[in-house]
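Below you will find the structure I want to go over with you.
A, B, C and D are the chain letters, set down in written order, and residue numbers restart from 1 in every chain.
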Amino acid sequence: MDFGQSARSLDHLERLRSFIAAEVEPVERHVRAVRRDALAQRRDATGSWSVSPEFRELQRKAREAGLWNLFLPDPDLGAGLSNVEYAPLAEEMGRSMFASAVFNCDAPDTGNMEVLYHYGSAEQKDRWLRPLLDGEIRSAFCMTEPDVASSDATNMAATAVVDGDEVILNGRKWWSTGIGHPDCRVLIFMGLTDPNAHKYQQHSMVLVPIDTPGVTVERMLPAMGYFDEPGGHGEVSFTDVRLPLDAVIAGPGRGFEIAQGRLGPGRIHHCMRLVGLAEHTLELACRRGLDRTAFGKPIVDLGGNRERIADARIAINQLRLLVLHAAWLLDTQGLAGARSAVSEIKVAAPRVAQQIIDFAIQIHGGAGLSDDFPLAGAWTAARALRLADGPDEVHQGLVARFELGKYN
Amino acid sequence: MDFGQSARSLDHLERLRSFIAAEVEPVERHVRAVRRDALAQRRDATGSWSVSPEFRELQRKAREAGLWNLFLPDPDLGAGLSNVEYAPLAEEMGRSMFASAVFNCDAPDTGNMEVLYHYGSAEQKDRWLRPLLDGEIRSAFCMTEPDVASSDATNMAATAVVDGDEVILNGRKWWSTGIGHPDCRVLIFMGLTDPNAHKYQQHSMVLVPIDTPGVTVERMLPAMGYFDEPGGHGEVSFTDVRLPLDAVIAGPGRGFEIAQGRLGPGRIHHCMRLVGLAEHTLELACRRGLDRTAFGKPIVDLGGNRERIADARIAINQLRLLVLHAAWLLDTQGLAGARSAVSEIKVAAPRVAQQIIDFAIQIHGGAGLSDDFPLAGAWTAARALRLADGPDEVHQGLVARFELGKYN
Amino acid sequence: MDFGQSARSLDHLERLRSFIAAEVEPVERHVRAVRRDALAQRRDATGSWSVSPEFRELQRKAREAGLWNLFLPDPDLGAGLSNVEYAPLAEEMGRSMFASAVFNCDAPDTGNMEVLYHYGSAEQKDRWLRPLLDGEIRSAFCMTEPDVASSDATNMAATAVVDGDEVILNGRKWWSTGIGHPDCRVLIFMGLTDPNAHKYQQHSMVLVPIDTPGVTVERMLPAMGYFDEPGGHGEVSFTDVRLPLDAVIAGPGRGFEIAQGRLGPGRIHHCMRLVGLAEHTLELACRRGLDRTAFGKPIVDLGGNRERIADARIAINQLRLLVLHAAWLLDTQGLAGARSAVSEIKVAAPRVAQQIIDFAIQIHGGAGLSDDFPLAGAWTAARALRLADGPDEVHQGLVARFELGKYN
Amino acid sequence: MDFGQSARSLDHLERLRSFIAAEVEPVERHVRAVRRDALAQRRDATGSWSVSPEFRELQRKAREAGLWNLFLPDPDLGAGLSNVEYAPLAEEMGRSMFASAVFNCDAPDTGNMEVLYHYGSAEQKDRWLRPLLDGEIRSAFCMTEPDVASSDATNMAATAVVDGDEVILNGRKWWSTGIGHPDCRVLIFMGLTDPNAHKYQQHSMVLVPIDTPGVTVERMLPAMGYFDEPGGHGEVSFTDVRLPLDAVIAGPGRGFEIAQGRLGPGRIHHCMRLVGLAEHTLELACRRGLDRTAFGKPIVDLGGNRERIADARIAINQLRLLVLHAAWLLDTQGLAGARSAVSEIKVAAPRVAQQIIDFAIQIHGGAGLSDDFPLAGAWTAARALRLADGPDEVHQGLVARFELGKYN
């Protein structure tokens, strides 16, 4: 067994390396960039960022049927359901990437509406919460930044400086989900106001009309090849954006507090939907595996497929219960009593969904990779949620801190 | 801990389910299909399926530099390298999705050239092998079918019926990689010729000029959102395609034999490239993890990141050695002696690459999901190779058969 | 890189192989057998199979305190608790390998008492159930056989043949847990009675006094090196064991039915205890990791340890909820409605426990492998439960069957 | 779904917890300690710590056959084989826990002999190396300590203080493998000599005749229930042990240097043997799976068993190549060039072996847990090697450091 390389192979290798470094890499970078930009531009320019009349009609019917704003615990403005009560509804909607928007229960608007509901002034509610609840407009949330590791919120570089009765915003944000939607009218921007204040009182949240001068959507970002039209994910620059001081939610310095309050329910809703996504995926896997035949048997009967189906069932059932557990804690003990629980499901849910979707792709064969089935898109959604709203590792850190806190 | 549902939640759930089934799902299917087709069409219509002048110039330079057709063991037509000698070169090219085409070493052309080299008639070589070796044209391979589980080759439904001195092709193929390339001129089609012959002598391989009447590229397929321009993956229909009998490679009934011969080296080349892809990915992960800081430390120093880097190094080193082992067996014992070894690396390589890329995405944060880094595309390539050229499970089955054969 | 072997290495290898085959292996087999038997004998001969006076005193106190037979739903004979109510109690006891016996809640006696409770005649209850409930005697369950794959119950080779007003038992059983206990007085034996009856009516369960002629405890079996004194696990032969027909529980042919009824609660109790074992183990891991220091930090702060602690917390919380879910189904829908749920926890619980114990061993260093901590014993208990009461794969098969049944 | 607890369950739980804490736990600790000590004593007192005449005869024959001291690269004293050449021989011996001692190739003696060979004085060689090479005596290595995290060698608390022409040893060591062997005559002790010297020059290694006053083997330690007779693993105290200064190997302060030199080849030998252990285990799994039948098929044909066999084959082949790679680096570049490679295999080998043995246990059913097959013992050996000679995490740390060093 001689894996040693001949002189001619080594000579080829050396020349190949030099050629790639000198010739190929510059062209590759250029071609990749041109293609990426052309592609993004073309996709931007087309109608896929529009909302179909059929969808608008669906929203109208849903509202008429009383299936509207189901996420909002307020019985006057929403359905008045607890988190435990909302869980099966969000799960049902989560079976596809499409349904939750029909019922005005989609991220990031639900989180933004909750922020306005809990922290907004009467005027802010009137201007933004009302049309959001009515589904007339949509919104985006601008927190993550391209130039720093945003998993550590103290890295945030964007600024929201108070200048007399104005606030001035500067900085660059990305992964601002929903910013490409034709109905998007308002952004919630988070920035540094006072670096000398207490660690958790340095930042502010500001309501920014999308057409404010100085706000530029630089580009829309694909996630694993998907632009997730019509909402999408944008990179946005803020350059000397001036707004009256009353655009600041709850006053300067309360950004962290609001972010915490926003992210709790937001994360739990994502997890509820992921349970539905995992359920629907397992159903697709079972159906495909029963329908198609190879080597004389339905595919489900080959190799370890039945074991994988069993493991998927076990994983989903565990996950659903853990999500209900977090919802019940949130209902009965508030966010303070549910912090570890919310981080637990934030780690568990995308992991479970991702694994089951991967299995479903495999059992679908090549079809699973295509867009003929919703699997490739679903996988991307689950994968993205291992980073969005805090990467796994940050949530694991919080869970471990609570656990070790018992013994200190 | 009461996770029981209230009457009003159950009522909502029932109405929601009915509404989704009756109203949402039909619209969703419609909207998804419209968007998919519109998107595919728009992408098809644009210049991303073209080859840039810079790329053509690179190819010219590469050929001039003697870095051309490195894969071909024939010293006159190619570089005359053994598989062990080619391994580090393919690894080097595999560090990006881009380089192997520069050196005329890209799938599926390499496999198709080998088929023509080993089985083609003088005339076939003259017409197709020569321009392929010169990089003047490109080719596709049409084997997998959308309507059956193609992991079991005996499921193949397409036909290649001999009719006098003609052969008539009918059927539908997909995942025909490279068929979207502007230089693609010829397809190798595999179909059923004689269902009564011995199991391994029923099929034929036929050379089909892409402009033959009855050949229609129905659509290009995205894999996890990527169309992989400019080659892409196509769905192709063959309707009463008539060709002279000498378009059949090596005569009717030899399709299986040729497929076996083609897939061995083809798979090993994929695996060599995946080693390079994994190496490059680990480099990207290390660099990013050293450059960015969170919670007061370089990201590599947080949590289990160093353990994951170590595991990645271990996995890559093991994988490279296993690939060399398969190459060495192929060189010294031929395909017959390397069958288990080739299946072993076909299982191991995408798995290792996929896992390391997933880690690299995580350490890159949101950037890892975008197209600013080659990670999302690389992940898709690795994932696709768990299905392409035979799904993992089929290769595991072969390895187990060899293993158990020792004791029977 | 040349891994090829020199002639002298190959020569050594050949001679080594021959020598090992001809000389070493026979001696090794001999020495292993001698040592195993000597060891078993010595352990058998010693006092470790006795019950300490302290333990008997503990049982007396527990009974006095009303903490006795907590597992039995009957309010007169036991505590009258539902499965959901019993779950936290069993979890609490499961934190060690020791506590459940104190409260007369230990396997296999709990299962055997339930069999007698549900299926026993008045006379059988009087003779065996009463003293078992009083903790005066203990029992064993003889189902698994050494000579066949007992995961498939139809493989069972032991016989229970009806001969007039007698039943005659023949066969060999093993992994009869508890049979080494000094108080063990009665065995429940399962054997084939009528091979021509319906598949599920061929077997019988028979109550066998341990001193019946023809019953021989051939040896006690170690599990991963542990004999689990004082109950242990035995291999037992039955040779023409004659008993009056009324020793058959519920009459001939009802063995399968009884086994099903016995194993449901038995499995759920194991899983409840495993939750407690996992909890206790995580506590030990946290404490050790906080107490010991390496490389200038508490061990919990090194590498991926906090991530593993978080994953353990997530896994335990999910597992506990899944166990409660199965208990709740058993309480509200009976065994028929809980079959998949019971198999789900039977797969999940040992897996979770085993993984957390493995982590705890690692964080304890060498101490984790010793008997200074209960970790090595706990690992063995969890590992054994991936086989006992049905191997994982059989339970996964059942779960998959239920899952696929939804679509057929 | 109500998992809430009733008042009576909560009342039981509270009383149960109090009872366990007040009554059960003290007795449990007492009983566990008594049993552990009684068991250890009984095992210590019996003949299982002796060497059978058959074994001695085997050693004689092996030496006669020239199959002796194969590990030693010196052609005069050993077989003169390189590490690459020794790899297949060690693999062959590693197929059982028994064979390597036959050929005088067993840990820890091989490592100790290498220490003496490279660092011993003429007198030390004459007194200890010669009889070790002749198989007349055996030895132990005393490094790990019970009271500190020994994964960090700077934690070492034992002392070797120079006092004139004497050295005085104090401290407590454990996991001193081989110390229970009836032929064990000499220990290599490592202790702190000069806390003010450079970090790597503070420690010394001392040769200690086992019968030196002040040396006490406090007890033998079981690993996962196994004492691994006749060598075993001991806890040893050193109390004012006085030895002449020439008992120090290579002079005071060279302990770290010698430890590094000792552990490199020692670890690689362990890994070579683990390859053989994994191979033998896979063979046992295949044979059992082919021989036994359940649900109408050989067990290998059920569920994912063939996939697991394939994955085992892939893992073993990768592991063997990685071990050869480390051996080749050690042969060609010395320990300095092989440091990462040795740590890589130290992580990979026990992991691969452990996983395959676990599978083999599962496919053997209950038999796999017993001592009827060598699987339970083999699992323990593999598990222990994830801690012995440095825990996984320390080796992962070293590999990551080398990897990241490329980019700094």
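Convention: a residue touches a chain if its C-beta (ideal position, glycine included) is under 8 Å from a C-beta of that chain, and two chains touch if they have at least 3 such contacts.
Worth saying up front: this structure is predicted, and the values here are computed from it rather than measured.
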Report summary line: Touching both chain B and chain D we find A, C
Requested in this report: Average the CA atoms of each chain to get its centre, and name the chain whose centre is farthest from that of chain A.
Outcome: D
Query raised in the report: Which whole number of Å gives the spacing of the CA centres of chain A and chain B?
Result: 30
Requested in this report: Please report how many Å separate the Cα centroid of chain A from that of chain D, as a whole number.
Outcome: 48
Report summary line: When centres are defined as mean Cα positions, the distance from chain A to chain C in whole Å is 45
Report summary line: Where chain B touches two or more other chains at once, the residues are 1-3, 5, 303-304, 306-307, 321, 324-325, 393, 396-397
Query - Residues of chain C that touch chain D when the two form their complex - result: 1-3, 5-6, 8-9, 12-13, 15-17, 19-20, 23-24, 27-28, 30-32, 34-36, 38-39, 42-43, 46-48, 52, 54-55, 58, 61-62, 65-67, 70, 79, 81, 84-86, 88-89, 92-93, 95-96, 98-99, 102-103, 144, 146, 148-152, 155, 174-175, 221-226, 229, 292-295, 299, 302-304, 321, 324-325, 328, 361-362, 365-371, 374, 376-377, 379-380, 383-384, 386-388, 391-393, 396-397
Query - For the chain C and chain A complex, residues of the former touching the latter - result: 1-5, 282-283, 286-287, 289-290, 300, 306-307, 309-311, 313-314, 317-319, 321-322, 324-325, 340-341, 343-344, 347-348, 393, 395-404, 406-408
Query raised in the report: Where on chain B is chain C touching in the complex?
Result: 1, 303-304, 306-308, 324
